[in-house]
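One chain, chain A, links the two complexes that follow: it is found with chain B in the first and with chain C in the second.
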Partner chain A sequence: MDIQHIMGVVDASFAARQSIEKALRDIDRRALNAMVLVKRHGNALAGYGVVAQAFRERAAILKTSASHLQESIAPLIEAYMRILQHQRFVQSFQEMLSDSPLHGKACPNLISTQSKWQTTIHEEEATARKILVQLLEAVQTLQEGVEEQEYIVTNGRIEAALAESTGAPLMRVSRDMGEAVRTVAQAIRSYRHQLESLEHESSTRL
Partner chain B sequence: MDMEILQDYLPEARELLEKAQDDTLRLESDPNNDEVLASVFRAFHTLKGGAGFLEAEHLVSWTHHLEDLLDKLRSHSLIVSGPMIDAILRGLDVIDDMLQQLASGENPSPGPEQLGQTIQNLALGKGPMESAAPPCSRPPAESMLLVSQRPTATGESGLFLEHSESAPHPESQSNPSGPHSEMAADEITGAEFEATLDALYGNKAPGMCDGPDSGNQNSGQISPEEFEQVLDQLYGQQAPGYVQPALGSAVCASSLESEQVTAELVLPTKSVRTETVQPREASGKATPPARSSATAQEAAETTLRVDAARLDAVMNQVGELVLLRNRLSSAIGSLGEENEDMLRIAREVDLTVNDIQSTVMRLRMQPCKRLFQQLPRVVRDASRQLGKEVALEIVGEDVEIDKAVVDALSGPMTHLLRNSLDHGVELPADRQAAGKARSAKISVAAVHLGDKVRIEVSDDGRGIDSQFVTRKAVDKGVITAEQAARLSEQEAVELIFRPGFSTNDQVTDISGRGVGMDVVKETVRKLRGRLDIQTKPGLGTSISMEFPLTMAVLPVLYLRLRREIYALPVSSIDSLVDIQESRIHRMSGRSVYRVDGTEVIPMVDLGRLLHDRPLHLGSEPIEGILTERGLIMVSEVLGNEDSVVKPIDFLTEQNWYQGATISGKGDVVLILDAGTLANHVIDHGDDSTIMDIFCKGAA
Partner chain C sequence: MKAAPVFEAGSHRWWIIYDQDEHRVIDSNVYVMESKGQSIILDPGGFEIFPQVFAAMVEVIPPSSLKAAFVSHQDPDIASSLPLWHACNDKMEWYVPKLWEGFIRHYGALNAPLQNISDEGGEVMIGGRRLEFIPAHYLHSSANFHVYDPEAKILFSGDVGAALLPPGHDAWVDRRDNTGRAFEEHIKKAKYFHERWMPSNAAKKNWIERVSQLDIQHLCPQHGAIYSGDNVKRFLDWFDKINVGTAII
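Then we have the complex of A and B:
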């Protein structure tokens, strides 16, 4: 792992955060749009009203899940940055030992310090891995939330078909909802790939 | 005056009056319709009977003259003519005035003498357009019988049948102070009376063996007991207005008709009720009432007349319940998913309150028929005055809407029709020259649209010339030339709703003051409705008004403008949009937003209007609420809720609010008026602020 890789994850995380936030705002707006449409049509669209309400509630849950995602990103990056820093220390000690004419004999303290840093790095890598696993679990939760949202969109399409006679543009609303959910699903999927590559990189190195 | 009787009498009288007007207008096109003639006659007769109990002498006298005229028409002694219809309609207006006097606790003053005389003359066949047809064979004077109600020798109340002493002289008949003038309408011929008796008793009639001219006065008398027996025989205990004999009842009036019998009974409670009995069979055998009569009676038994104030009180209480429900839902929602029981209870309360709200809402609903039934008369009178030929088409009389809307729209509907007749519909010759039918068509329609009702008035007249309207508006100082230059075609047409605007230079009975259409717009605004006008030059104009089904609960969308929360009625929202900078343009000094390829609408910066500080796209969060008239820019859209509007009368006339409500969190939230906000931007561009407006208002 190098700094470039970590910076790549930071960028991916930022982009994913932007994209998810925007898509979730979009989902929320579309849910509200559907609710406004339902309200304007009175009891005729009561069935779709339930769907729109569920869609908005799910969107709120997704928003909360996404915020948990963001909470874990900073500690993960921090952990990796610290690992990089400490690896640099270990490397420095290694260089000092290599450059010394009494290599391996004259500076037992130096060797001990290097060994301590190595242990610290292992501990930090374990912590980072733990955070990464938590993060992947959070992403998994988010993806499950998106799947539920997709299920609600499907229900919405059925309700829209049933209420077609009312003349309300519910099919279009459902399609918009579906698109918003697809956008957020795609953003999360690409983010997950980034995290998984990071995990793979970490475990390979380990 | 007995107030209890009055309270019962007034609504029934108004219904009768409305029906009589409707029927009278029908007579104009179908003058020989006996059913309609009988219906109008019965209306006057019943009105007279009720007025008698209230000791409203002038109302009794006035309805008596009209009843007299209708009696002649009903018996085909006279035939219906235009002046008669005019006189009857004007007579109905007088009755309406008298009812209003009664409602305000006054005894009605006499009707206009000249009109009264005209009606009496018409009844005597002396009218300006006397019946062309020879009068129906009138029975000889000797066979005229009078029915009266007097105490009998034993002190009981009885119906007396008397031969008239001599032929009723036309003058004496027209003189209300004459000895029998009050009974004139109750006169029936001997033959009619015999036919009625036969129908009632068959061969078992008391005194059947005696001829009608036997001279025995008893043969012309029936006591209340006999009358009750006849009713029992006819109806059993199902008779309309039936009371146990022990309680006693007094016959107040009876009109025996060859086709229909109307019986009015005074109950001990003094309430006045009128029931119409279906025609009997010619065989004279007593038969049970027809099925429709039974159904009507069942309907009457399941119908309850309730004071509107009580319904309003219930509606207000439901409103409070809705607010409490919102607060409960909000409080439980903030607990999260910790307590599922509470969440379930909250949802059940939510559903129950929705059901109550919907049920109570339906209690206040009334059919649009009540609103539309005055319109044929308006069209008739105005078209005659203007010399135009118009056919009125009414659609959707059964569509129901909140009582408040029905009550408030009566005036505006009249304005719309008169305006359409005066400005929209062309003279017959002009229509012919334009290749149209001589007779114009005005259509009034009520349509149910989800949680709204649309009422539309359209004509196939000349349409509205937007340039002419703009020129007139500038001439009359309604707008400046600079403002006129910025108007779109639709906005120019909508100038007709501005106060003080009229295309007429002279004020006439019909229009010219520039008030009517302003009243329409204001009424629609107050009823939280939406007004729309569509016109095609040479083809016609259509004005539609959309109203919420109920006025009691208002679904709103909560929004945030920086730190403040506001509400916007859901009915005024088209959709919520994500504002894109690339779609914002500057046009004629104001910012506009391109919604799609074709639609461009003005942007309403709520920050600039309410905070005197514009919202900055890019540097702060901004969302858009698309309304019919503009795109409202806000910081964030929060969510929707059913709210109850509380008036805020303490603000100046010029403000942006429809009222206030209490949100689920218990905060007082102002409800914005989207139409006023957008209109302000259209009129003043988007550079003026709330301070400018209030400064102008104060000045």
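Then we have the complex of A and C:
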């Protein structure tokens, strides 16, 4: 396990999570603004009202999916840190055995204890990998949610063009919605790349 | 373990990481102060709880922001995680009591950058904020320091104020209670700790005299729960009255 790689991923995932949370808050706010605008214009913007409602509902679903992401990251980091912790034991036994092969002969328990810790680490690596796979699935779900949201934004643009005569600033609202969705999509992509680099490392090691 | 905010003013923040899941070792609180993207961890904890402290910490700050660690004294629940933190970030500076440097290196980080705090105390700047190292010798260790943040009005008080609480405990002694009843209930769980672990009434009196001059909004111990607002004075008054260590043998 390359601890500096893990640290890089933890840093990047912290930044990505913050960015996702901020972008989701932004999406929620923009969805609310759109709903208010529709209410103000009554039936004239009924078509856009459907879009704004869908956008808001999707935003709530995205928030829920993001919270599942949050639930999985802490156990993953904890699992990696436990591996780091137990590697210290293996290393100290290794150093003793390397100092003199006689240590192993005089005290066979040194070798068996070292081997026991090695087995523990393998089990912990398998656990970490399982959590990582779950986390990647959660990211996948979130990405699918964002794709749905992008589809709604496209529909919003069409409705905005159709309702241009009402004078409501729907094009601007749609553009803002699109911008917020793009930000979250980018943050998730970057997060996914980080996680995949970890997955790649653990697969090549196994 | 979980992280909860203690103080926040712009980019200046304090967190407590508390309620550990491993119950075979004494339950400990770890604190983090962050300012302008730099942070310091206070009494980062024992080897056995490192994974959960780290996982809870990265919920609130990125690990690369850690510039320093403060070690109040030499005990294993304070600093035996040092080699693991050092493996994660070998640039972190470790502020430790000078008297204990050679002991703390026994935890397995011969090359870690330790900065000695002399008996008189000192200070450190983190993200433009000044933190003061307040001498608290013989409370309980013979070379012991607390940390005061004059802007946040927080005193990290190490083992002073510690209480032995059950799993699932709250981070604060109930702040909504104005009657003092919550404090009275809580302090029963702190009494034995102070009587047994604090060796000297004289050291205690001296510390109370000095600390009473500080403006403290939150008194944050390394075990138990935070005393805020009126509970700070309630604690100092209570501590002043009890006999500890050699006085009760």
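Keep in mind that, in the parts below, the second predicted complex is superposed on the first by the 203 of 206 C-alpha atoms of A that agree within 3 Å, B and C clash if a C-alpha of one lies under 4 Å from a C-alpha of the other, contacts with A are read in each partner's own complex, and residues count from 1 in each chain.
Methods note: a contact is a pair of C-beta atoms (placed from the backbone, for glycine too) under 8 Å apart; a residue touches a chain by one contact, two chains touch by 3 or more.
Bear in mind that the values here come from a model prediction, so they are computed numbers and not experimental data.
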{"item": "Which of chain B and chain C A:R29 touches, first, second, both or neither", "value": "first"}
{"item": "Which of chain B and chain C A:K63 touches, first, second, both or neither", "value": "neither"}
{"item": "Which of chain B and chain C A:D11 touches, first, second, both or neither", "value": "second"}
{"item": "Touched partner set for A:R192, first chain B, second chain C, both or neither", "value": "neither"}
{"item": "Partner chain in contact with A:R129 - chain B first, chain C second, else both or neither", "value": "neither"}
{"item": "First, second, both or neither for A:R40, with chain B first and chain C second", "value": "first"}
{"item": "Contacts of A:R175 with chain B and chain C, given as first, second, both or neither", "value": "neither"}
{"item": "First (chain B), second (chain C), both or neither touched by A:T166", "value": "first"}
{"item": "Parts of chain B lying in touch with chain A, wherever the complex brings them together", "value": "358, 450-452, 549, 555, 557, 570-571, 573, 575-578, 623, 637, 639-640"}
{"item": "Contacting residues of chain C [partner chain A, same complex]", "value": "47, 50-52, 54-56, 58-59, 61-64, 83-84, 87-89, 108"}
{"item": "Touch list for chain A against partner chain C, complex", "value": "3, 7, 10-11, 14-15, 74-75, 77-79, 81-82, 84-85, 88, 92"}
{"item": "Chain B-facing residues of chain A, complex", "value": "25-26, 29, 32-33, 35-37, 39-45, 56, 166, 168"}
